[in-house]
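In the two complexes that follow, chain A is the common piece, with chain B as its partner first and chain C second.
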Partner chain A sequence: MTPTALHGPFIDRLLSGRGIWPAVPAIIVLAIVAVIPFMVLLSLGFSDVVSSRGVIISQEFSLRHLKAALSDSLYWTTFRRSIGLAVTTTLLCMLLGFPVAYLYLIGGKWTRRIILVLTIAPILTSGIVRTYAWIVILGGRGVINTTLMQLGLIDQPVRIINTHWAVLIGMVQIHLPIMILPLIAVMTRHDTRLDEASANLGATRLGTLRHVILPLATPGLGTGAALVFTLSYTTFVVPQLLGGGNYLNAATMVFEQVVYALEWNKGAVTAVILMATCLIGLIGIAALTNLATRWTRAGRS
Partner chain B sequence: MTTQWRYREFLDRLGIGVIIAIAVFSLALLVLPSVVVVMISFDTRAFISFPPQGFTLRWYQEVFNHPVLVGAMWTSFKVGVVVTLACIAFGVPTALACARGELRGRTALSIYVIAPHMVPGIVLGVAVLFTGALVGIGPSIWLQAVTLSVFVLAVMVRTVTSRLQRLDPALEQAAANLGATPFQAFRTITLPLLMPAILAGSVFTFVEGFDNLSVTIFTHGFRDRPLPIELLAIVQQTSSPMVAALSGVQILLAILAMITLSLSVGLDGVND
Partner chain C sequence: MRINRRHFVAATISVVAMPHIARSQARELVMIGYGTAQDDPIKRVAAELGKRHAGVTLRVIGGLSAEALAQIKAARGASPYDLAVMGTPAIINAVGEDVLEPLTVSKIPSFAKLDPRFPPAARGVGVPVNFSGFGIAYNKQTVRTPPTTWADLWKPEFAGKVGLARPQSNLGLGAVSIASRAFGRPDDDMEFGLQKWRELKPLVGRSPPLLQQMLERGEIGACILWHDNTALAAATGLPFGYVKTPQPIILPSSVVMFRRTAHAELIHEFAEIFLSEEIQRFQTNPPYFFGPTLAGVPTPQAAAEFLPSTPAEVAAMASIDWEKVAPQRGKTVEAFDRMFAG
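Coming up: the complex of A and B.
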């Protein structure tokens, strides 16, 4: 180290160091606005608080709220519905997203450009706007109903919106770009000479897809699945707008408990359960990705 | 033998054809809903119906003459700017540490910074709301901006870190050899090279500050309600094409954001 760096102004010493010093401000802010709040959330969920005029008098560890939640059948149906919806959304996004990534791999410059635009634009568009588009399409006087009536296939509007199906359609379309982006990242790094070698060895294009491309793309599928699962499991907008007034998922449940009912302990417990189950889901996806990577690489038909 | 070969060839083409058909379907699914909304935003009738009739800019005028909506846009704009500035101020130094610190600290730091972004937005929102209440800080535009900054800091750090890791360290070394102090080397060599990444990161942090609902819904101020909150309410209340026009405005903003991205790091650089 040069003498100037050692004796220079403070900022020079910071910049020349190899330590984590430049990150200290961010570390402190994250501690105050993320770490401490999360601990408060846990403590609210797992304690009995006695307060008077907003001042906490006593706080004791208690599993009362968790027990109350676990014995409430509304919790079980809501969480089962949320998990089912998130898993279905993730699987459908994989099914619809992988072909797009394959098209990106084999496509020319313009195909690739179009795919990138169509994938990135929705990510930069408000989720509420994109969900509103489905109200316009699926609604009572929406695109589908008016078209079907004009064709004379139905006499009066069919109820599509405010059903489970409307929520599922919206979920898949809204989260599809999140699945495609990591897959494209994998495809960008993909060495196409491998595909040529595979073809030269007499493999069909499907064979190359199955034995060369799929094994290398599996980690991308895993990343995409983890992102889509987290977001679709905890989303608020789609079920609220397309599911109708009484369609509860875990996120809308937290909102109702905290904002409408002002039951903070209950809301805290629901949020903690939501996060814990989300984490379990992510661990499950990581394990499945590992298995699938090994299976696709070993498989030889 | 040839029949078998032909059958194999046929199956192969069929399979690839089906895959490409699904790809085209998916791409259409991504773009068509927005196209429908934009078409309807020019409809002359006062209710939503398809196909649209006529052409009018009336609904766009109504959006910009709607004091509540304009106020909400302004609020969200301010939040987006504050979030972006905060993410640059805290994120760029953090990225330096993430890219150049000692290996052990680096990994721990990356996990620590990215964790708040991995936590579901509503969980972070609820946690901050509760904590603020305990210390007497109610929901406000500031609580919203601070929480959103913490939520999206990871995006800026990740974008800048990956750019830093691909920079040639010899460049800064050369500057040092020529007598530049570390600060001079950073300002004249590294920072200009980082600008595209900072710009790309800013696009994402601004959009999140402007559009985010999951964190916002628990932390926003009740006097200055941001756009996503107003939008959520208005979508549930009315079926006027004005909502379509408001969506059209937001879609236009997204297109502008995308053009900025493609001019800064290029669209294929978004993934790095």
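Coming up: the complex of A and C.
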């Protein structure tokens, strides 16, 4: 019996990898987990719904919920806070991540191994576990406060946990590997002969870093920034655990509107604003990356 | 054999449907519980039910009722759960969403033996099986002279030491209402309650467990906390003290049944077993500390520090006017955010 006879034409087409068939499972998954919920979200955010026992009785297009959100000062405060947090996290991750990636580039075999282990190891544990570790470190009787008190620098514990600073510290630590890994990926493709050429032409190490390595790493910085910005702008766990009960960011706002207040129209509008502003942020990062790449190339030529 | 598209689709459907077929044959009830050791009384009831009906099992899924309600709403009323133990505020929300099927009390003989103060808490849809108390928990290492009344929390010596749970939880919502009551206002004057809390500048825990952790870490000295959570923490050796206020405020929890369940008869029997004296006594003991709803079930000595135990305390027990307070949860959370996070 030939394989064709065993499978039949349908399985043959599937296994041959021709046409759209290989992509079908992924398309179905994306449609189920992304597109359909997004359409439901849009329909809830831009309509007035009357339902009974979970069944929608009537649904009419309305901009009422969006208008209410945009005229509400709480939304503006919350989104300003979320954007500020995401931008600060992204900048700090760039500042802290680039030297690590540079060290990886110039380091020996063991240095590289250690950097990779230190970067990847935290990702192997759950974000919740890592965030709880910060509670232990930053708490009233945590490592920092205990050390400062033992050194006689403070009498009373300093309040770090349940503040904006605790959220920022947690966010930077959680997202730093996400910045370092794309940077390493881009920088290791870099042709080291360019560094040698730079040195031969009389450039200092700093000059080579500024005029050769940094420009070539720009796409990596852009990718890392896009990833860190998206994750930190839409993050839920870190503010939830480190920010305390009076810390509100956009993602926790959506969760509370949907789950506790059962106000789905509000939650849907907030989620749509969150997605739209995140998209604007990503477009901004992409534009800045392109601009920086062009600028550095022009500078080099 | 040639495998065509029809075979492929049929095989896929079979694979997907198999667990559901197996589940319906085994008659598994899915219940929303606590997700902690406090599920033990529920499991004890399930074990008795399993003895009476071979093949009947119970899967307890821990989580907040509010989260389960949101899940059911997302599934457009198709509940993945058969039953739940819900506090009165969650029942009011669930009735509003029309996702509960009322239990028929004539099928639960022990319902007649309930303390007559409890049945109204189930809003005509469930069976009250236990209660939790609101009280003042404090850290003995940082608070030498604990408050004795709700209003004491506003005394200057507790400034900067008091914690509060966000009002999205029943504990936080109740705490806002208690602030109103403590200063002579109606339970549902949430605006006033929030203003009183604002005066205290409390440290806020996002949820009751996180608030409890803040008390453990000494970040706060005192807070309004559930009696059973405080008792459990104290039993593990934490330096927690607990103040039963002169008029104990309680929150009854009831067994409720979701619409579209295929196990209505079993759920009625489950509620009947839960009201048996053996289970009611079992759940009042450490390490569970639940308050009993069956008339005449005494509070054991080991739980007397946390539960209303003397005849005077039992007679003084009262609940919050949840009928008026629970529907204000969304507005209260929003007002809270404007005051504390805005």
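Methods note: the second predicted complex is superposed on the first by the 279 of 301 C-alpha atoms of A that agree within 3 Å, B and C clash if a C-alpha of one lies under 4 Å from a C-alpha of the other, contacts with A are read in each partner's own complex, and residues count from 1 in each chain.
Here is the rule we use: a residue touches a chain if its C-beta (ideal position, glycine included) is under 8 Å from a C-beta of that chain, and two chains touch if they have at least 3 such contacts.
What you are looking at is a predicted structure, and each value in this text was computed from that prediction instead of being measured.
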{"item": "Which superposed partner A:Gln240 touches (first chain B, second chain C, both, neither)", "value": "both"}
{"item": "When both partners are placed on the shared chain, which of chain B and chain C touches more of chain A", "value": "B"}
{"item": "Partner chain(s) touched by A:Leu248 [first = chain B, second = chain C, both, neither]", "value": "second"}
{"item": "Touching partner for A:Leu74 - first (chain B), second (chain C), both, neither", "value": "second"}
{"item": "Partner chain in contact with A:Gly220 - chain B first, chain C second, else both or neither", "value": "neither"}
{"item": "Touched partner set for A:Gly139, first chain B, second chain C, both or neither", "value": "both"}
{"item": "Touching partner for A:Val258 - first (chain B), second (chain C), both, neither", "value": "both"}
{"item": "Partner chain(s) touched by A:Ile161 [first = chain B, second = chain C, both, neither]", "value": "second"}
{"item": "Overlap of the chain B and chain C footprints on chain A, listed as residue numbers", "value": "5, 8-9, 11, 56, 135, 139, 141-142, 240-241, 258-259, 264"}
{"item": "For the chain A and chain C complex, residues of the former touching the latter", "value": "5-11, 52-56, 73-74, 77-78, 135, 139-142, 157, 159, 161-162, 240-241, 243-248, 253, 256-264"}
{"item": "Of chain B, residues touching chain A in the complex", "value": "8-9, 11-12, 15-16, 19-20, 22-27, 29-31, 33-34, 36-37, 40, 47-50, 89-91, 93-94, 96-98, 100-102, 105-106, 109, 112-113, 115-116, 118-124, 126-131, 134, 146-147, 149-150, 153, 157, 176, 181-183, 185-186, 203-204, 207, 210-211, 213-214, 217-218, 228, 231-232, 235-236, 239, 243-244, 246-247, 250-251, 254-255, 257-258, 261, 267-268, 270-272"}
{"item": "Contacting residues of chain C [partner chain A, same complex]", "value": "1-5, 8, 66-67, 69-70, 72-73, 75-78, 93, 97-99, 164-166, 168, 172, 203-207, 210-211, 213-214, 217-219, 259, 329-330, 333-334, 337-338, 340-342"}
{"item": "Chain B-facing residues of chain A, complex", "value": "2, 4-5, 8-9, 11-13, 15-16, 18-23, 25-27, 29-30, 33-34, 36-38, 40-41, 44, 56, 95-97, 99-100, 102-103, 112-122, 124-137, 139, 141-143, 146-147, 173, 176-177, 180-182, 184-185, 188, 204-207, 209, 230, 233-237, 240-241, 251, 254-255, 258-259, 264, 267-268, 271, 274-275, 278"}
